[in-house]
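Attaching a single structure in structure tokens format; questions to follow.
Think of it as A, B, C and D in the order they're written, each chain with its own count starting at 1.
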Amino acid sequence: MLYSFNNDYSEGAHPRILQAMMEANLEQNDGYGLDRHSNHARELIRTAIEDDSADIHFISGGTQTNLLAISSALRPHQAVICANTGHINVHETGAVEATGHKVLGVPMPDGKLTPTAIEKVVAAHSDEHMVQPKMVYLSQATEVGTLYTLDELEALSACCGRYGLYLFLDGARLGAALASADNTITLPDLARLTDLFYIGGTKNGALFGEALIIMNPALRQDFRYLTKQRGAMLAKGWLLGIQFEELFQNNLFLELADHANDMANQLRKAIQDCGYPLQWESKTNQIFPILPNAVIEQLAADYLFSTQLTVDENHTCIRLVTSWATKPEAVEQFRLSLAAARVHE
Amino acid sequence: MLYSFNNDYSEGAHPRILQAMMEANLEQNDGYGLDRHSNHARELIRTAIEDDSADIHFISGGTQTNLLAISSALRPHQAVICANTGHINVHETGAVEATGHKVLGVPMPDGKLTPTAIEKVVAAHSDEHMVQPKMVYLSQATEVGTLYTLDELEALSACCGRYGLYLFLDGARLGAALASADNTITLPDLARLTDLFYIGGTKNGALFGEALIIMNPALRQDFRYLTKQRGAMLAKGWLLGIQFEELFQNNLFLELADHANDMANQLRKAIQDCGYPLQWESKTNQIFPILPNAVIEQLAADYLFSTQLTVDENHTCIRLVTSWATKPEAVEQFRLSLAAARVHE
Amino acid sequence: MLYSFNNDYSEGAHPRILQAMMEANLEQNDGYGLDRHSNHARELIRTAIEDDSADIHFISGGTQTNLLAISSALRPHQAVICANTGHINVHETGAVEATGHKVLGVPMPDGKLTPTAIEKVVAAHSDEHMVQPKMVYLSQATEVGTLYTLDELEALSACCGRYGLYLFLDGARLGAALASADNTITLPDLARLTDLFYIGGTKNGALFGEALIIMNPALRQDFRYLTKQRGAMLAKGWLLGIQFEELFQNNLFLELADHANDMANQLRKAIQDCGYPLQWESKTNQIFPILPNAVIEQLAADYLFSTQLTVDENHTCIRLVTSWATKPEAVEQFRLSLAAARVHE
Amino acid sequence: MLYSFNNDYSEGAHPRILQAMMEANLEQNDGYGLDRHSNHARELIRTAIEDDSADIHFISGGTQTNLLAISSALRPHQAVICANTGHINVHETGAVEATGHKVLGVPMPDGKLTPTAIEKVVAAHSDEHMVQPKMVYLSQATEVGTLYTLDELEALSACCGRYGLYLFLDGARLGAALASADNTITLPDLARLTDLFYIGGTKNGALFGEALIIMNPALRQDFRYLTKQRGAMLAKGWLLGIQFEELFQNNLFLELADHANDMANQLRKAIQDCGYPLQWESKTNQIFPILPNAVIEQLAADYLFSTQLTVDENHTCIRLVTSWATKPEAVEQFRLSLAAARVHE
């Protein structure tokens, strides 16, 4: 049996979450997210982001959340700017375009947008023969594991303000970002600096579920209609509520992310101890080592992981992902396997 | 605390399903429905429908399944015919239109389409200035609890064949239909007579999930792309697989539907014993009694239910729904409450 | 050679319009509707509607204008209410749905919506599981040749105001309406009572072209972006400008409509003189006589026209349409043909 | 009065075309492109492309043709590959995305796609989490005036065949390409090597209109429905037919393009005689000289033209466009103005 470092959604949910679902199983709850658990989870999140007024919607998955958030905010001729590596640009099968909107991808070597990059896109879209950029999409952590700093986010938010752009932050891996040793951005910062963002549950210990937080009041109107229309309103919505209740009680959300990061740190150290470089520096739960192909081949006999890009004829960058469920003994085993593979390289 | 007869998705999942999810919780599974549980569930369903070749996709909810199935099968200028009461026509916030397709609703007093009704629509759409009808959408059981008979479905299928229309059957409440005393249609009949149909889990004991079964090979191509694009591909897809594994083992699916129908039969008898009529005859888990408003008012003090339509100044048709989780003692209590309310009418 | 009463767009343009296009042919003009002719035509229309602020866009055709106007005004979950016979509901191949919006068609025997009908639709759409009605679409003259009165339009406008609905009037045959002996609505009335409406050129003497007039400032923003996106921005936009310059100078627009109506009146009289009834009463350029099938067969040997509906085994309602170009001698000839056919019936 | 080299659609139509429209003005013609002129024009084009079976549709404008052709051929999850500079990628306000499809723009220095570039895009789109490339979009001449050679087009066509991609060629400026001294591709070559392509009228002497030629039978089905749905079916369709009748009789189409190219050649020579370089080499009707800003400023006092890109602090690349209507004396005047400006630089 191969051990998987393929992604952070290979296992189910943290046992506390499953336990809470068991306990509530025979309760009768209102449907479609109007139940007591969802409302309680909303209160817990409002407390965590230090904003009483935030509008919060629980959605089953990330692609669904992205397409819903973006298509609800934009008029037909408006477009969203993102890094070329942005999840909406490459890994959602054109879900945003399927709602009618162009995604303006900008090549950014570290997966992070900058005000300068945004300004260039805005400047290049000068009249009605071109789409109108109206939203900026960021991921935190990014798809290559990097992090925006608070200064960077402040600057991006100010830039969006200057050009009348909505700022939307995809937090599918927000847990790993918040728990990172390098993190400088808090949940209240996100609430203050973005128009809307989401906190990812699927990749941090929930069975499924993302909490979309709409800060800009102009984007709240009729959001439940739009959710229903996209097929994104779960009948038994309290299932999402219960999961976020657990994640935002007793610090579980950060605790789980902390474990994932810790496992990643150990993997990173093992790689660096072997003298192998990383494609992107990051202190989150994704690691992108550049390894000799011979080493990769040996590792592939025991572990599942994906390849990110070809570096040269003999070297490939792979992706290792850890999660709340990654076992320390598997990480230790990987360390030994890597050292052994290196010897036989 | 009010007891709810509001719908069939007020409680969680049958304990056997939750138990199976617990047991598999720390397994590492492939994502996106490519896992062993989903594959096993597919095998179980193929056995149940007696067709080895069926293409089966598990989707989180009914609206999502409907919009995905319809938009994947139709070209931009093509439309879907349904009864005016069809779920896609009234209760999905225009989800089908949001994918670009017109829904051609036909008034049918009992919620059931007929070949004659379809032929009229086809005849009325004669050239390229009008949409091209290309699909027929049925619900079994219908939104008003009625059932198609096997003869009717055979005739509808033949009619679709004559006009080159795809036949799609929404089985959100297929369990209640299959378990009904009046039922004459089997799962293999559905597989034989439709181009695609789905078996509803959400309303019959699953936490969530529908099994979409694509019989027509022409409609199978690239379906996973289309699923992903609509945000309908669950990361932890095995959660759906596990639920359908349980539902299609040991007869659980029918057992749960049987209980729901039994509870509905008892409610129906209680209503008829009081001399109150039903708006639609049905032997499924939805009941539509016409009650004096004064009686309704009294019942509303103890029970949750929805009103379906205004009959006259003094009478209203309400909707009562039972489920796999409906408690016999709640039904008995309702019987007593109704009898008491009738006396004080 | 058959003489055509098939529609009001069988011939080219009034010679004065062609003449103006010839004269301007070698001028160099700015593209995309930003030229002097378009601006002058806008001024002429603003004078005619007695509103200096109106935002005016020239579009090549009716379906394009309708889909553009509707999709630009509505958010994704919003729908447009119209009479079942509305052009957008039956004769535009689902163009509105292709932009994502449901058309809520209401059966109205005379093709005219009423506040009561609108209120019923609004009342039936009570929550986020249903589309949100946000616009009312009227045609003047309607698709069956009938006319709204000023009182009716005032009431509809007030009704829209009460429910926050935009009022959009399709004026593909507005000329015939304005020139009708029964007309009580002026262009300034339309400007005052609707949010947006269009004045049809294609069916009243232009080669092609409709003037869309946006009265509600909230609907004006970025309209040129939306026009371009739908492929509705003509490169040589001055061609539209020139045509509307001519139509709104020297009263040509009404003069042409007056001729069409006059020809229709003569046809109507001929039909009534023969004792044949009309399906709809109207004083515009469309006539819907109910004729014996034997008579229709004889007429079909010399004239082109369409059939509207089957009345009974022996009678059919046909549609005759006149235009600015209909020849009086053709009408006289038709009168004789009809009388002759009646004798041989 | 400034003389415009801004584009090739600043004037009306060639007088022969206007004359033909005048002559047919009072004919009664069938609507929507089903008339004798459109059919005759189709025959003339079929002769020119040496293919009797081609399906030909006349559409009013380029953006409309592009969005219609692309959205009709692709299923929802499929995407179109083009050079980054492709008209659909930058200058159509997201018209293609508005129909639901991603445009995959590839940076190509000379505006021309290559098989290698296409293969890279195909290889990068490996599974259902990404859009499926299904069409390649080329422009001939390209947006920067360059030309594909026959060898290049053969290679591109073969590449498309290998990967199951449709090949669509935007011929908005096909006239200038065909008439170019450098041209190696004939109309029959285009018919043989593409799945569909269009011959642009708007930019080569018509008032408006493009002839879309569908070679691949699989893409022909129901195309008139799709045309109507996008608002692209002109009521008086014979106006398009008449224009293409004239363009494809007596060699007018090539004659007009030849004049445009000749004017461009003279401008090019004038620029090169002054020692100024061109950003892109081309022998079509668009010229992209790199001029000192001081020179540009002086020219701008007498001529209209657009700026293409900033080269350095002191130099800018401008765009000059000639057409069938460009006056030789204006070109001569420009030559003198340029020489004078150069002296005073």
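The rule is simple: a residue touches a chain if its C-beta (ideal position, glycine included) is under 8 Å from a C-beta of that chain, and two chains touch if they have at least 3 such contacts.
Just so it is clear, the structure is predicted and the values come from calculations on it, not from any experiment.
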item	value
Separation of subunit C from subunit A in steps, with touching chains one step apart	1
A-D compared against C-D, more contacting pairs	C-D
Length of the line joining the C-alpha centres of subunit B and subunit D, rounded to whole Å	51
Between subunit C and subunit D, centroid-to-centroid distance (C-alpha), Å	34
Separation of mean Cα positions, subunit D and subunit A [Å, integer]	42
Multi-chain contact residues (two or more partners), subunit A	76-77, 92-94, 98-100, 128-129, 131, 225, 228-229, 233
In the complex, subunit C residues that touch subunit D	3-4, 6-7, 9-13, 15, 18, 21-22, 24-31, 60-68, 92-95, 98, 202-203, 207-208, 225, 228-236, 239, 325
Subunit A to subunit D touching residues, read off their complex	76-77, 79, 90-94, 97-103, 128-131
Subunit A partner contacts - residues on subunit C that touch it in the complex	71-72, 75-77, 99-100, 128-129, 131-132, 222, 224-229, 233
